[in-house]
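Below are two complexes that have chain A in common, paired first with chain B and then with chain C.
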Partner chain A sequence: MALPRPEELISDVNLKKMPSKPWMDTLPVEFKPGFYCYGAKGKNLAYVDMPNARDFHVTDPDWKLPEDWKNIVIQGIKQRIERFRTFHVFMDICVRCGACADKCHFFIGTGDPKNMPVLRAELLRSVYRKYFTSSGKIFGRNGGARELDLDVLKELWYYFYQCTECRRCSLFCPYGIDTAEITIMARELLNLLGLNTDWISGPVANCYRTGNHLGIEPHTMKSTLEFMCNDIEDITGIRIEPPINKKGAEILFVTPSGDLFADPGIYNCMGYMMLFHEIGLDYTWSTFACEGGNFGFFTSLEMAKRLHSKIYEEAKRLKVKWILGGECGHMWRVWHQYHDTWFGPIDFLEVPVSPITGTKFEHAKSTKIVHISEFTADLIRHGVLKFDKSRNDNLIVTFHDSCNVSRGMGMFEEPRYIIKNVCNHFYDMPDETIREQTFCCGSGSGLNAGEIMEQRMRGGFPRANAVRYVHEKFGVNLVANICAIDRAALPPLMNYWVPGVRVSGVTELVANAMIMKGEKEREMNLRMEPLPGKGGE
Partner chain B sequence: MGIGLALITVLGLIFFAYFGTAVVGLNALFAIVFPYAAFIIFVLGFIYRIVKWGKSPVPYRIPTTAGQHYSSLWFKQNKIDNPSTAWGVALRMFFEVFTFRSLFRNTKAELLQGRLYVGSSKWLWLGAIAFHYSFLVIFLRHMRFFTPETPWVIDTIESLDSFLQVHILGSPLLYITNLTILAALLYLLGRRILDPKIKYISLPSDYFPLFLILGIITTGILMRYFFKVDVTAIKELTLGLVYFKPVVPKGIGSLFYIHLFLVSILFAYFPFSKLMHMGGVFLSPTRNLANNNRMERHVNPWEYPVKHRHYEEYEDEFREKMKKAGIPVEKE
Partner chain C sequence: MDIKSLLSKKRDNIINEAFNLIISTYPQQSQIFLKEKNRKFTNPIGYNTNLSVEQIIDNIVADADLESFLSPLENIIQIRAVQDFTPSQAVGFIFLIKKAIYSTLHKEADSNELMELMSRIDSLALVAFDIFMKYRERLYDIKAKELMDRTWWLLKKWNIVTEVDDKILENK
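What follows is the complex of A and B.
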């Protein structure tokens, strides 16, 4: 479906005008093309034993739900209220102050009031009140409560698959109510009825079988890495042999599979291999633990755990000392905030120590996993790497903070430090749009499907708007980031809103500027385009 | 949604108290039974809610990180907004509870000619701070009615609150908090009515406490500045409640009973309403946990083993392809 021109897209948005009907009276929800993902396929649900596996078509009036679906949802809410203090407290304490309302990129881009975090949460809260609170039972609608029926269920589905779990709202909430947590719970409930999307359930099934979302089988992964190494040889004259499933390596390296497959992730992947080669790192890839990302996290926490169990198991099988993680957003949220609880104590690995600089990563002493940006920043600080920054002189760079790394971990300085050491031109976007206040790419949490493009372009508008600002002011032409979803989602977003701005991972920039021992004089960057001053124009 | 309902309910409560005392003369009901009942409901209800929340475990440690994290590298950590220790968390919670730090961060997004502008917006923070601190001071000032000898702290608060030394129409000294709480309440109510977004999300239970507290404040102000009430008699009543020797002194008008009844309603309503955010904010796992996830393991009491694919299974499926590609395998 063709999108309207950018200036038309946003012109119908009025954040100050609300519908005349109260929000409880606007059912049934209209499934507008471009605003929802296609339903899950039965075979993908069945492959990972999800309930009610059947082909699910969103616009079919009959969703082929189990007979007692309502009871399943209500019991599901009860179980989660009893298990998660987050969910329990967040269902109870919202005062509807509205501080979160205009913090959501989807609300800003659509003007749909149900995209206000407070109202997104109220969709579920109203059901919770009806069945679990005395005020809801007694006062009904006047107590903000409503019955769960099929129309309400469809509305829940529509709007909880319009949230990217970016947590920007939770930053501004005076009580720290986290819509991501509510969305996670809501999606768990929907998945009890087999109501997932194709874009999430497909990768989940792939990931379970092959270890990665894309379904890349081991031999293909090897040849993919080798193809990249061919390119690296063309560019640098240096031949790299990627170590795969190598037992006894010191470090297991895991990155999102997006880096193995699509432009511009592949350049980042080349960058990793060049960096590791240059410092002589004793590491290995695993063809099974070949996915740091986790679409299970967008299905249920249990599914997330099922998909990531392989990582520590592979670390154990391959007898490595610790794990190094590539650039990815939700991967790092899961690794940082959930892994140790799920898989710990990790007593078969060692506290990570950089074999090059000797830096002991004490802050990862329990999980034994270090972020590539932490690792690289440390290398740079110790003067291990030599750079020719002028190779990146055609790039005027800004940095997009990925939501999960920002608000689920707090890593802001490392990537900026790296970029400033390998690029001469760096400009941050305005303060209200970066670091902990960063705006989402609009495509996270499994929403980067093609069929939901209009919602993505609208949701990504606040991010693009800030890029446009530095593009016009400083001539910025590259958005660097440390997230595979960003690398997949930002290129179409930039093409739409700010043509002429490209997207890259941070390690690509590092590798491009890095002077490698024994390299030939470089003529091309990792994308095989002429380096600045090396012909072309 | 529901502003009328909330207003009518509060007016109904006022009329009920007036009718019950001035017409029917059930003063003891309003002076003794309702306040005691309300107090008991408040205490038990509050404890019940906190215990109920507390019974739900915190399976995962998921703080919202709002600043640079602690790491073994040289970057300066933001110890308040991204704490890694219990002390840091204590500081974060202190600023959250006493200064509404998250709300202070508030911004406003506006679309103008297809462009987005995000700017600082502190009005909501100011209104919230003004309301909550005024309420606290007023609450503390009222302790003079519940103590035989007014403690010096209360005296000090009173004199600070009235330091403007202004009299209205020859009435007692004006309390600053009377003005600030009225202004704050009218602002908080006003934005619910005038901001289309806030109006759209508001429930009757959002308007009700505002009208209820407005009623309490208004009756309080009327009693202090405009209609002289017999303070000695009122203190006899309140002290009687404290010492469990309840009395119903003569000469206390309906205005006071309306005031007292609305306060009783507020207490009884509190544990079952959004006003419990007062207790809930302390239990919010995105704020009260340290971001030390990679250093210290957080244990989930109900964590259970999950079915997942093991390497052996994977290799069984792909062994031939792996061997052909020269990838090492476990079983040849």
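What follows is the complex of A and C.
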């Protein structure tokens, strides 16, 4: 037998794997390392009373499903189309115009057609049509419908855990279909069968037990904050005592637990404490409401509500007036889009007023929570803070709009305003990659797991490609952002695509530049690296 | 006409052919999108692949040294190293570039000259393998570093591990 020509080896293999046959005929999905998250552990599902709790291995042929699993999914769809008008409408009205097709970072970075938002949604729509529409029942496949079987279920699992719910596609849909909501529903359906991922279900169970995703217990949280204060004292000469569980404080501060433990979030956390100390804010941390993020949101709306309730309850218990939220992504989506439906309007908190500037945050009249960037921008606008911008002169900064904060709540200008006030060198990325059109980091909605590094790298490629442009054109060496997932996801992404570009939160930059009353001459930044002119570049 | 002049004359044809062949290694339904090569920020696969193919062909035309091929090769392989390709598929696009050159030139070029050129391009396949490994190794380094970033700080803070203190060194 003759050897194949090299080009035959390359293209034939691919043509066999990715043929031009209709998408319904390309099953089963092949699970390859680097492409899928590990399955949920039974103990984590059982701890929060999720159905079908058992250890689940994605590559095992047997997913240990309940006997009537098909009926559970079909009934699950029925309940959801009755309960959520949006979901019902989104299942019916797509005309497959393709406006969303090339907007998804996973499609752009992989070229896999099933990552086109329209086709990803079609994976579920085809099942919906089969069981809930006359055309689907009568015409079957010709009506775009297909039976739900095990291969289809595995395909749903594979692709709905390849969507970060970033909603970039929704921005371009002429009908306003929110494809992220379709992903949310699909994941709810999968969770009815215990089909979650380890990286989501673990944090959910932890959060239910300890109040945060990482499983940090109260004494550890307290020590961690104190450790940070030791570093702050070394850097500034100022001793800060962090207020914890302080009843009657004016403000409850809630931030994602990533800021308490992970590099570079910890520097942001130091920044929060320095800022609050400098302005003499009457606030408190809580060891109960110690997580702004909410992985329940990637599981089911009930689970999201269950985890979110701790913030609400803690605000009541501590008798604070309002809540200040740290730099987080989906925390803000949950607050702005779901909180009021679950709990609102809150009747025991006050409309937030900055005790320093007197600004009344009217837009937070209902939720009673203010974003740290809104709060800081207001302080700067009123000239409350003094800065030595030259301390950040070694940084050439760009800003990555986090999907949930930009598209989810419409915040574009505040973080940029802050950065420009504390840094001398700021350059935005190209327009089609920022603000409402921002590209996702590629790791949101519970996809920041180490085992899918390849998937994260290609999903984040459009974002990294834009960073590379400003890196090459302006020498950008720092991507600032206001999301804990970004702070965790962007460093590896930069290390792969644009080495030499680092990542930080915005408050870290503020605290570096902020001149604090009574501080010693600063030699180091919050990372304990020499400042420019003090041995640094 | 010697092969160098032929290469210059048919440059655009070769680039188009090579680009189309490389894009054809992606799923068919995505190829129309990926071929929109001018969308620098909204189609980075297509844009970067095309740009790099242009640079590779221009380098071949200019008879440039191996060093100058590294950057465009890296640009393509960095992408393909994290996509749904086997290692041979990730680096095998070199043979598609060869195919494009051969099919465009074989009727007019002197066969000895063409053979010589084809043989030289094979060296790019060897270099491509080195680059592929560089990016795969970088990926595994990143995985390891991510774990370190998530835990090292904790170990230090709880005095489970300690490092040599700068102050101690200064006083030594």
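One rule holds in what follows: the second predicted complex is superposed on the first by the 516 of 537 C-alpha atoms of A that agree within 3 Å, B and C clash if a C-alpha of one lies under 4 Å from a C-alpha of the other, contacts with A are read in each partner's own complex, and residues count from 1 in each chain.
Heads up, the rule we're going with is that contacts are C-beta pairs under 8 Å (C-beta built on N, C-alpha and C of every residue); 3 or more make two chains touch, one makes a residue touch a chain.
In this text the structure is predicted, and so the values were computed from the model without any measurement.
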Following the superposition defined at the top, how do chain B and chain C come out on chain A, clash or fit? clash
Using the touch definition from the top, say if A:492 reaches chain B (first), chain C (second), both or neither. second
Does the superposition put A:125 against chain B (first), chain C (second), both, or neither? neither
Touch check for A:321: first (chain B), second (chain C), both, or neither? neither
Return first, second, both or neither, reflecting whether A:462 touches chain B, chain C, both chains, or no partner chain. both
When the two structures are laid over each other on chain A, which of chain B and chain C touches more residues of chain A? B
In the overlay, answer first, second, both or neither for which of chain B and chain C A:213 touches. neither
In the superposed arrangement, does A:10 touch chain B (first), chain C (second), both or neither? both
First (chain B), second (chain C), both or neither: which does A:310 touch? first
Can A:70 be said to touch chain B (first), chain C (second), both, or neither? neither
Once the shared chain is lined up, is A:361 touching chain B (first), chain C (second), both, or neither of them? first
The intersection of the chain A residues contacting chain B with those contacting chain C is 6-7, 10-11, 13-14, 18-19, 23, 101-102, 108, 113, 223, 430, 432-433, 461-462, 465-466
Please output the residues of chain C touching chain A within their complex, sorted ascending. 21, 24-30, 33-34, 40-45, 48, 78-79, 82-86, 88-89, 92-93, 95-96, 98-99, 135, 138-139, 141-143, 145-147, 149-150, 152-154, 157
Residue numbers of chain A touching chain C in their complex, please. 5-7, 9-11, 13-14, 18-20, 23, 32, 34-35, 101-102, 107-113, 223-224, 227, 261-263, 266, 430, 432-433, 450, 453-454, 457-458, 461-462, 465-466, 469, 488, 491-492, 495-497
Okay, in this complex, where on chain B does chain A touch? 1-2, 5, 49, 52-62, 64-76, 78, 81-82, 84, 96, 100, 102-103, 105-111, 114-116, 118-120, 124, 128, 191, 195-206, 272-274, 276-277, 280-281, 283-287, 291-300, 302-303, 306-311, 314-315, 317-318, 321-322, 324-328, 330
Touching residues on chain A, where the partner in the complex is chain B: 6-7, 10-11, 13-19, 22-23, 49, 81-90, 92-99, 101-103, 108, 113, 116, 118-119, 122, 133-135, 139, 142-144, 167, 170-178, 181, 208-211, 217-219, 222-223, 244-247, 287-288, 301-302, 305-307, 309-310, 313-314, 317, 336-338, 340-342, 344-345, 359-367, 369, 374, 377-378, 381, 406-414, 417, 430, 432-433, 435-437, 461-462, 465-466
